[in-house]
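What follows is a short report on a single structure.
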Amino acid sequence: MKAEKSFPELEKEDGQTVQGNINRKPLRNSRKGLFLQKGYKTSSWALILLFLTIVLGMTIAVVLSAFGEEWYGTFLPQGYTIEWFIKAWQAYEVGEYFKITMGIVLTATVISLVLSIPTVYILARRDFPFKQALISFFQLPFTLPDLLYAIPVASIFYSIGLAETIPGLIIVNLIVGIPFSVFILLPYMESLDPRLEYAATSLGATKFKLFQRIVLPQVVPGITASAINIFIRMFNTFTIILLISGPKTQTLNVMVFSVLQGSGSQPPAMLNSLALTLMIPLLFFSFLSLWVSSFTQRRLGK
Amino acid sequence: MNQEVFAKKRDYLLLLPSLIPLLLLFVYPLLKGFVMTFQQPETAGLTLANYVEFFTNSNYYDTIWRTLYLVVPASIIELFIAFGITYFIREKMRGGGIIAGLTIFPLTLGSIIVDMAVIAFFKPTGWFNTTLINMGLIDEPFTLVYNYAGAFIALVILGTAFIASNLVGMMGTIDPNLERAARTLGASRWVTFKRVFWPLIRSNVLTVFALNLIMQIGVYSTAVIVGNPASETRTFVVVAFEEAMRNFNYNMANTVAIVMGITQLLVLSIVFAIRKRGYIGSASTFK
Amino acid sequence: MSQAVKKKNSTTILDSTRVEIRNLTKQFGSTTAVHNASLDIENGEFMTLLGPSGCGKTTILSMILGTLQPTSGEITFNGQPINKIDMSRRDIGMVFQNYALFPHMTVAQNIAFGLDMRKVSKSEKKKRVEEAIEMVQLNDLGNRFIKDLSGGQQQRVALARAIVIRPRVLLLDEPLSNLDAKLRKEMRTQLKKLHDELGITTIYVTHDQEEALSLSTKVTVMSNGIIQQIGTPKEIFGKPKNYFVANFIGYGNFLRGKLIDEQDGQFIFEADKDSVRLVVNHDKQHQVGDEVILTIKPEMLEIITDPKIGMNTLSGKITVSDYIGSATGYEVETKEGRTFKVNVLGLNPYAMGEEVRLYLDPAKLLIIDEE
Amino acid sequence: ACGGGAEESGGSDDPTTLTIYSVAGGDEYYNDIVIPMFEEETGGKYNVEYGRGTPQEIINKIKTQGDNGTIDVVITGLDGLPLGINDGLWEQLLPEYSEEVHADEWNEIGSAYKESFDGYGAPVTTGSGGPILVYNKDKIDNPPTTYAELKDWISENPGKFTYPAVPSSGPARGFFFGLAQSLGEDFNDPQSLDETWTYLEDIGETIDNYPTKTSDSFDLLYEGAVDIIPHTPFWFANLVATDTVPPNIGAVALEDTKQIIDSHFYVMLKDLPDDRKAAALEFLEFATSKEVQSQGYAVGFLPANGEASPELLEEEYVETYNHYQEGVMPEFKDGETIYVPEDNWVLFPNLEATNESYSLWEQNIQAK
Amino acid sequence: MSQAVKKKNSTTILDSTRVEIRNLTKQFGSTTAVHNASLDIENGEFMTLLGPSGCGKTTILSMILGTLQPTSGEITFNGQPINKIDMSRRDIGMVFQNYALFPHMTVAQNIAFGLDMRKVSKSEKKKRVEEAIEMVQLNDLGNRFIKDLSGGQQQRVALARAIVIRPRVLLLDEPLSNLDAKLRKEMRTQLKKLHDELGITTIYVTHDQEEALSLSTKVTVMSNGIIQQIGTPKEIFGKPKNYFVANFIGYGNFLRGKLIDEQDGQFIFEADKDSVRLVVNHDKQHQVGDEVILTIKPEMLEIITDPKIGMNTLSGKITVSDYIGSATGYEVETKEGRTFKVNVLGLNPYAMGEEVRLYLDPAKLLIIDEE
């Protein structure tokens, strides 16, 4: 910058002509930028804090209502007890239903994923006539209320003897699981770089190996998101499951709902506790899949 | 590198594993349900009477607006919150995982518990109102349950969780080099977002948004438990269930369901039409 | 091909593949990336594709690999049309121009991928991966993920991944472009060794003449999707067929004109522009009266001081002098107003503005055609 | 374990599966008391499966099952019984099986149903569906005891009274029908209930929202958000008995109306195969007997069998009952025996009228 | 720097930036990619980074760019620590080694991106984008999407995108590696012109010595994250400081030994291995008794026929002969068992196995140190 010091008076015109009309920003942070940046950070944190406070507050409130003793109008309950929870657990054989439910829904989740992934792959990679229509078709089962098709489905299941059986419940869950999983996975699949697949195929990978070694590992986040979501959806499926389930081959959700709907004079705290048992499989599964996903991702170096 | 999509007929066989179960399990019942909308209880013959009834009786057709009025603003807000949070924590940030986990957490509670939780938290004597009152911000508690607001809050919590659960993974598919390139070319963070990040993730976000929207159009338990199912939150499914369960009019129930399905398809096609105009594909650096 | 002969023989399973390309055309919308190209690559051949950026080299490789469908024309492997062979069974090793490495695998996993597909035994796999890693000098990086590698390291992984499977066809799309000169030379040696040992049919895209020359058994020069010349390296570099090829491979000096006479087995050439006359050795393709181009490489032009040599010399002045490492490149402007490029080994023997005389050796001048 | 009952009931060694669904709730009686007693009594001959659902759901289920039905007995309230009759799902019990269901022992209310439901169901319990008022003793010294007083009280204490949504809450129904009853209107003709609607609209001015569930209205009361809510006498007593009612909460009866009787029935599915029918009848006979019905006292289920009495309570339930009846309001006790006073009850309106009332309530009141 | 002086001046608005790097270290876990590097790049300087693959060049650029945080050390722009300047305000044009082109934009949109950020007027923008497209010879491809381009075309888009904004610092990471020799030369000329006109401070990573020599005002040679030598191109290529630099830039022949005597302004060198004695010109850094390495480039070695020259000659036999385009590379094995690499212009003057004599000109021999 020696030159600069010797001819300070020339600066402006010169600077402009050399650079053409380009807008030169100074080599320094603009106030506005800093301000906006700060504003963005602050508002993001505010948003996060607000949202999470509500989520946590809600959750704690509802948990306390099940575990709190005599919580009337005070900020916190007078005391805590898990008596109601244990009572509800025992009275309704929650453990049994829990096992059955996990069996049904887990299996259905896995099958749904397995069946839908190839489809999603084709939907993402190929263009063909009526593709959009096909996608819309896939979307029908989970958008229409199950009321619309539950009764006919249930009659079919009863007439072929699949009703009130575990396989029957698994199969019927696929109506919910497959379409939903197709939809969630689609954007993930579309974001994959197709070049890697060509590389793999040229190295001798068969379709199966391609899926196993290249496609799947890369869509692990999508599969996780999909698994959690379809698990939750299947778990919450009510009408159709109620119609084809027997008293003992029922999902926890259906049992709890039936109890809550028919509830007469049982103590509210026990009913709250019973409702809360629904959280357990969901939480359990979510943590399981997040763990599996982070484990695989770690192994895959993401 | 050069590549192009050329399909072998055989590849389409891969559509079958998922199509067959649906065709077997779903199409016939669906058709049956659909035919029912052209029938009246206890009479034979096909008629449009159910649809005529739907579109002339405000008790029915109002559900369209009520549902959309509840769900569309909620979905948009959900998108903003979920996107805002996941975008903010997208880069490796301490606590990011926890924030993401907590945001998604309500999803794992399921809608009933969330509904119960919203009531517990937002009822006039709940923590929300008592805190505001104790802080001296308000004198009278807000009525935030058993009305539009209650259903809205519950929807927002669940929808945000759903959208976030998908966005977290999707944000990871955008090559950070592209953003860096934009920044070095002089783009501010906002412009980088607008011109690079958003166009690349746009189509995925829209898919998730559409999915969430159509799911929420089918909202039932929330509308009934935290909302006011007689008026403000009288959504499609509330009416459909009422028809089926209280009035035993399955024909009308299915009609409502079909109108709802068509509404969802319309919403979906709008979103997909928008989506199609943007970039769809891999967001890795194109070397 | 010497390599082809060396190959072991077998009846059903060939160790490498003969690739034939017949009237291959590829259009992307209105762009024609490859135009009616025909090319035979014998088994064991090392064919280099040369050509300017965007001339269709990658497109040809992609069609051989199977990631692109030809618009028309046919590619056969040992006589079998390739669209009859599943892509995963073509047994091709390819280094993609963009590497296309698997981001979710480590270096070793990337390299082992092709072996996994071939169900190679565990110990054998380990051995071969280690060998490959060593060959591309990535020792200690086996457990790294791709994103943690430098550009050149990534390129070497891509190379290792392609060769470790000892395929029957190797397609290498600028596999060494991101390596430094020394490493590039070493890789080149390794490639040559590998090719000599295994006789893999290889198609190689490069921008580096040295590579083309030292590796290939044949070279194809393309321009704009059209094949311009196919020949051995010596043919291509010593006897480019036309202006495009000559210009592309570095013949820097061109004189357009006519062969006006023949004397003592030599042509007399007269330039169009300034009627400069030059003597040039006879060749079989041309005869008196042809409109031709004379060309000579910068390093074949001599700057002479000996005043005795009078024929085929031009006087001029040094206008540009550019030290380019092993040699100095000069531009000499002759009195007629022509500029000649001359390369002289070593550093700066001549000064700017110095008057010099250029000698165009009749034996080193080449007669070529415009097209 | 996952098969339907029909297939498994054939073998002589295997216990016959008897499938019972309750669409009226009451697990604490049916599932916890009756069924175990029955299984014990029959000594492993039957394997009873107990399921739950709403009337509509289970009726749909029965219909979808068609010929492959698995359900034998349904326990239903006043909504499911007529629904199933309309759809022809239930077997008519009277007069053919009147012996088995102890029809001659039914009490006054139970007998009244013989006529209104053509003998399709065997009543189990004939309790009260309200109304009573539950209030906060800390805030109110003299609670209103009539609908008129209540209205005055509400206008003096706006916002301090609420009731849950009528379609989804039993106590709210009792409150609603009790109101019509007190105003002398015929709740079997919902269109004629002008004064009832006016009353509800008036008090509706002060009610921001109607909780969906009964328990939500409790919470509002317990927390002090409101001071009075309607309820039903025996349910409230049940809550008192389980110690989940804070000490400052009291109950009063509404004197200017009658108790609306809410009942449960056993029904048997029509056209059961013989072996299952035999099983179902054995169950019905057992469950309607005075011995078993008496156990209902333990959980506040007033037996429909007129010969049942607290004296017949099994040892293990005596204590429970004693504890329970302490919480029952004196109006509903005859000495140690809980009851609904004679002449102080009316039967619940019929199903069509009930459903129409729900819709009208939603339109006239809740939607406002 | 000549360019620096040429620059126009201004006080607040600087036309280009002086980049100073102080004790810069970057570690990735246990790998040290850059080790304690210090480097001054004056404004207007054209600095080339040379070094083997994986030596830390891209890492240094990334830290200057701001996409990587240094583990320790500091980088300043005109004296201001860069972490105080927002990335978008540093006014850097960068060609990423992997291009990082925006896949959702066309070529023209990619190139225009930086101009949009600078709020250049529409007409000006159009003009400049067109100029840039023309400069990188991508005419007619302005509306293509990136995935529809060949590798070299993509690279040129990346280059155009970086220079069209006329930034104050240009970071070019092997920007020409995928281009053919001719195009590369043309791009080089364009870059040079641009640099001469605008005086943009440029940091350039290349593997091509010719590029380094013809473009740079300074060259930095790195190895394993450590800076080995900084100097003008002539210094680097003419006087490499140590064995690594010499070897890396192409000095192919090394003799380890000792300076045992001084005579007539010349050292006498004796090789360790075989006691070969050579005369070598005096240099200022060394003195008798030093353990040194003598080195000479293959193209500086002469094969002589003149039997009169006896001093500094070695006899041997040609064992390898390799035609590499403009020259032929020989390996000559001397009687002492040493192998010398010799490059001779032109095609094959000597036959394999031929007995020749090598002359090591004392003026062309270079004395360097081991480290």
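We call the chains A, B, C, D and E, going by the order they appear; numbering starts again at 1 in every chain.
Quick note on the criterion: a contact is a pair of C-beta atoms (placed from the backbone, for glycine too) under 8 Å apart; a residue touches a chain by one contact, two chains touch by 3 or more.
Source: prediction; values computed, not measured.
For the pair subunit B and subunit D, chains touching both partners: A. Of the two chain pairs examined here, B-E and A-D, it is A-D that is joined by more C-beta pairs in contact. Ranking all chains by how far their C-alpha centres lie from the centre of subunit E, first place goes to D. Centrality by C-alpha centroid: the chain sitting nearest the overall protein C-alpha mean is A. In terms of their C-alpha centroids, the spacing between subunit A and subunit E amounts to 52 Å. Inter-chain spacing, taken between the CA centroids of subunit A and subunit B, is 12 Å.
Centroids of subunit D and subunit E (each the mean of its C-alpha atoms) stand 91 Å apart. In subunit A, the positions touching at least two other chains are 25, 33, 37, 73, 151, 193, 195, 198, 302. Listed for subunit B are residues 1-3, 125, 186, 188-189, 244, 281-284, 286-287, each touching two or more other chains.
Residue numbers of subunit E whose C-beta contacts span two or more other chains: 86, 88-91, 98, 118, 150-151, 165. Looking at the complex, you find that subunit A touches subunit C at residues 193, 195-196, 198-206, 209, 213-214, 217-218, 300-302.
Of all residues in subunit E, those touching subunit B in their complex are 65-67, 86-94, 96, 98-104, 113-114, 116-118, 146-147, 150-151, 154, 161, 165. The part of subunit C that touches subunit E in the complex is made up of residues 28, 50-54, 57-59, 97-98, 148-153, 155-156, 173-174, 177-184, 207-210, 213-214, 233-234, 237-238, 247-250, 297-300, 322-327, 343, 345-347. Those residues of subunit B that touch subunit E in the complex are listed here as 1-2, 175, 177-178, 180-189, 191-192, 195-196, 199-200, 278-279, 281-287.
Residues of subunit A touching subunit B in their complex: 25, 33, 36-37, 40, 44, 47-48, 51-52, 54-59, 61-62, 64-65, 73, 75, 114-116, 118-119, 121-123, 125-128, 132, 134, 136-145, 147-153, 156, 171-172, 174-175, 178-179, 182-184, 186-188, 190-195, 198, 221-222, 224-225, 228-229, 232, 235-236, 253, 257, 272, 275-276, 278-279, 282-283, 285-286, 290, 302.
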